[in-house]
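Here the chain labels run A, B, C and D in written order, and each chain numbers its own residues starting at 1.
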Amino acid sequence: MEKINNILEICNLSIAYGPIKAVKEVNLEINHGEFVALIGANGAGKSSLLKSILGINKAEKGSIFFLGQDITRKPTDKIVSSGLSLIPEGHVIFSSMSVLENLQLGAYQNLADFEENLKRIFDYFPVLKDRSSQIAGTLSGGEQQMLSMGRALMSKPKLILVDEPSLGLAPKIVTDIFNILTELNKEGYAILLAEQNAKKALEGSHRCYVMKTGEIAMSGFSTDLIDDPKIRQAYLGGN
Amino acid sequence: MEIFIAQLISGLALGSIYVLLVTGFNLMLLVAKIIQFAYPQIVVVSMYTCWWVLKLTGNKLIIILAGVSVSIILSLLSEPIFRKISSIEGVDINASFIASMGIAMIMMDIMSHSINYGFPVAFSPDWVGGNIFGYGLITVSKGQLFALLGGIIAVLIFFFLLYHTNQGRFFRAIAENRFAACLVGIPIIKTSIFSYLIVGILGGFSAILFSMLIGSASPWLGEFVALKMLAVSIVAGLGNLQGGLVCGLLLGIIEAMAIGYFSGSWSNVIAFAVMLIVVLMKPGGLFGIKI
Amino acid sequence: MKCKTLRFFSILILVIGIVFASAFHIFGQEVKVSEWNIPFLNTITGPIASIGEYMSWSANRAAEEINAAGGVRGVPIKIEIIDTGVDKDKAMEEMAKLVDSALVVMGPVPEACIMAAVPIAVKAGLFSMVSSTSYEYAVEYFPWTLSWYPITEEKLPPITAAWAKLHPDMKTVVQFVENWAAWPPMAEAHAVGLESAGVKMLSQVDVPTDAIMFEPLVLKALAQKPDGIMLTCNSEKAAKIIIELVKKGWTDKSKILVFSSADDTALYTTGGDSLEGISIYNYIDLNLDDPRWQAFREAYKKDHNGIEPASLSTNYYDSVYMIKEAIENTGVTGDPAKLAEERIKIRDYCRNVKGFKGIQLTWDMTDGVPTGKGTFLFEIENGEKVFKAMAK
Amino acid sequence: MSEVTYYFLGFAGIYVLMGWALYLPYRVGQLNFLIVACMAITAYFGGFAAREWGWPFIVILIIGILFGATIAFIFSLAIGDAPCFTVVIVGLTSVFIVKTVIENWRTLGGTIGFFHIPGPNNMLAIIYSLLFLVGLLVFRIDHSRWGRAASVVFIDRDVAVTLGVDIKKLGMFFQIISCSIAGMAGILDAFLVKSLSPEFFTFSMIGYLMCILFVGGYTTMWGVILSAFFLQGIPLMFPSNIASWRLVIYGALLVIIILLRPEGLITRKMLWSIKIKSPRYITN
């Protein structure tokens, strides 16, 4: 077996909703320990792409490899158990269950080191520890986003897919969340971040893909892209 | 007072039937996202099985096993149909209601056509059992005790399963947020098949308790209780398990009391009138919809 | 896509065409004179399918007997069982199919179907024998039908009075009444008979049609501390009420009287041993010493797992014989050209037949109402109905 | 015309009307079984007014329609915007309550029933001319602002609210129209059958109406016509030993249709593809 450098590889992936093509022939690759951003306007197909990696949207064409294995047609639970985790956009939590129960559910595929995992997550998000018996629906927006992240981390993923973590949150909390993501990346997690807030995404990430109407319009190192006049024009407000 | 207590006991026993049915119905609604209107018919078919096996053998264990397994088989057999229905795009929960109505029609007609010349089937007295307690008119029969205790134990076990085990947490997770449940890696189809299994077991036990409480089964029994089951679950709030528990018992008591204390043949309307008024005042149900 | 849809549409139209075409085909069927075809609108599906089953059985038995004895004037008789369920549309359509061709019709059985379908027969001048229902329904369609039972108010009071006379210590009675079809007027007639015998009627207990638990009803009745119980509800419910009464400590079983319509198979299959000792009134005497009856009874038991014939099981047996007599005695030929007048011949014969020998009783008909038909009162002893009294 | 054809066409016509009465509120996602209760009420009213008071048919018909509308109006104040199953249970309970009231009302014949309703002898002309008029009305409603609004409500209530649709008013509108049609059907039924019994209006009738709507197709008004004739014809088409299994056939049809053609036999897509313009066509 050949040595695999990348953790995720997407080849010629297309996704369609009925007659509408959301993602067209996308190629994408993430290496171990890398923090990759996926930027693009609303409706560019970022969320569709992330959901299809997890098998929630079925791919029409193309294939997805995770750690060298083809996961294109696998059911979501198998994909999650192989070490992928998605933090969806808009705090998707089990709002009538307690915070602790939410985290327990996150550990569905990885019940072994539950206590240890839980301790780790309470270290990242101390606020969740204080509120562990509270009903999740009563948390604030930022706390719900943290819970959503904590739940995704409970399965000890190798690659975290993050979809629009900044959506609808106050700037200060957005900064906190990005700091946590950077910290997670430093600990060795590979991260794929889909984000409209291009500036923040480019600052934190190593590499970046720019998506436009379902296609990858551009890609490169974040430090290069941040200086690219076209990017500045289109996504960073021109300055 | 003597009459009141006696009516209360019989109302509670009747209510425990509704509770068992509504609980199974709500689980289907929550986890599998279907309106399983044919559930009482499955219970009745399972009662017919018990009756048939009872004729062949006197062994109670075999009878219980036969009843429960038929209920499980029927419940699992309906799973592919409902899975196919809910996988069709653009189709909502009403489709499962309509399909299960069709299934109920088929089961009822086959029972009235082909089993025991369409006569109601009766269980032998030693299966049903007599009184185990009697003080004047206040009596508790074996069937009532079993229905009440069995009902309470079954529902308690069920609630324990739902709130204190991992599997129960997965059920609730799917009920609450299918997308998030998918994200954390809960196998939706496997879990939902498991819920059909649980409902099948619950249905089988309901069948055994019914047969002891009512002492007979008829092809149209399923239809009578199906309407009340649906009504209770809507009055309580669709998918609301605790609400179903309260309203099921209440309906049993209201029915018994209405018969006991209101004159004329209007008494059988009272339960329906109460439900109608509640639904008109609170269209979402007394305890709130949980789906 | 378009092509596929068009094809789909044309198939649909074709299917509808076939529905119509075959429907018309069936309407066009004629009575074969080589066979006396007697249509019987029966209910062999739905909630009272069990009653329909034994009615079909007894009508077919009568036809078999007649055919074995050489048929009706040398031509075999055939009972054509047509299912109406309890569905009014179905009954009307089936009756409408028959109005052009049938000589005479038996049924329909459920009261809802009688109300819907018999007017069609009346309009077409077709005699329709509703031999299972009570006088209230039949009288509405006179002279195009006959009543199998005497007038309710005249028929029932004597039998309940006879029951009361057997139990002089019975001062008060509670009646359970199921609100269904002609049962409420029957319940009133029961009460009239009991009151004439000096029994006080306590407030009646209504039995809901969809009842599944009977304890509350029984408690309500027992709260009035009655001496006797009268049951005017369907067989399964009557049996369950008796079981509950026993559970509540009722011992004097002979002071429980079950009315005739509840004397059905489900009473015995559901009631079992709890029925021991109760009183029943009905129109057949199981132990009648008559070879024809005993042969009927044995054959019935053989085909029904040993269950005894129910109260209504002989009605259509006798109806078939009555039609046979009418055809023989009035010179009916079965010629389609003379259909209208032959229908009237059969009607007039049946409505005024004198000395008709039924399997159980011999009776006269006067303008469609039977006279001299008795009612029997039994008590169940060791699982057998023992004759106690008769009222005429 | 033979008698069978007369009754076949008569019942099919009435079931088309009832099918439409069920179809209209289902446009906003409500299964309104109140129509069966309305049908029973107006049928009894019509029978009684014709036999006891000798009222002319046309007056009875108009009052019957108004009866239906009034009942629906009162109920719709509470359930105009209620979720589907709340409406279902309101319908089911009111059918039982109406049945019990009739059973206990001796003037109306109680449980025995109501006989010999006088009236026009040939009902077919009346039924089919009314069917045509109601058809036009339903078609107009389908193609109006209300119809388009209903399509949105059916797909997504929240979107409809943001578009400024008053869901309650819309639901009330459809319920009132639907119960008026049911009121009309009740009168026609009473005069076609010429007898009435509480046993005529039961749960099995509700099942049958569901079958008509969902086998035919709930997205257009045309499906009801197809399936009302088709289902009414099935028992006539088969020999009696097969026809006696008709409930099994209906049940199986329902399940099969839901599985294979969830929108019913006639769908909007189909109408669209044969160039009958229908405003409710929505791509998936």
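Throughout what follows, a residue touches a chain if its C-beta (ideal position, glycine included) is under 8 Å from a C-beta of that chain, and two chains touch if they have at least 3 such contacts.
Not measured: the values here are computed from a predicted model.
Between A-B and C-D, more C-beta contact pairs join the chains of C-D.
Taking the mean Cα position of each chain as its centre, C sits at the greatest distance from chain A.
If you average the CA atoms of chain A and of chain D, the two centres end up 52 Å from each other.
Separating the centre of chain A from that of chain C, both taken as means of CA atoms, is a distance of 75 Å. If you average the Cα atoms of chain A and of chain B, the two centres end up 43 Å apart.
Once the centre of each chain is set as its mean CA position, chain C and chain D turn out to be 34 Å apart. For chain B, residues touching at least two other chains, in rising order: 109, 113, 264-265, 268.
Shared interface positions of chain A, i.e. residues touching 2 or more other chains, are not present. In chain D, the residues touching two or more other chains are 103-104, 244-245, 247, 284. Listed in rising order, the residues of chain B touching chain C in the complex are 3, 6-7, 10-11, 13-14, 17, 109, 112-113, 117-122, 124-125, 130-131, 134, 137, 139, 141, 213-216, 218-221, 224-225, 255-257, 259-260, 263-265, 267-268. Interface residues of chain D facing chain B in the complex, by the touch rule stated above, are 29, 31, 75, 78-79, 81-86, 88-90, 92-94, 96-97, 100-101, 103-104, 203, 207, 210-211, 214, 244-245, 247-248, 250-255, 258-259, 262, 284. Of all the residues in chain B, the ones that touch chain A in their complex are 166, 169-170, 172-173, 176-177, 179-190. Interface of chain D with chain C (complex): residues 2-8, 11, 103-104, 110-113, 115-116, 193-197, 199-200, 204, 226, 229-230, 232-237, 240, 243-247, 265, 270, 273-274.
By the touch rule above, chain B contacts chain D in their complex via residues 35, 81, 84-85, 88-92, 94-95, 97-99, 101-106, 108-110, 113, 223, 227, 230-231, 234-235, 238, 264-266, 268-269, 272-273, 275-276, 279-281, 283-285, 289.
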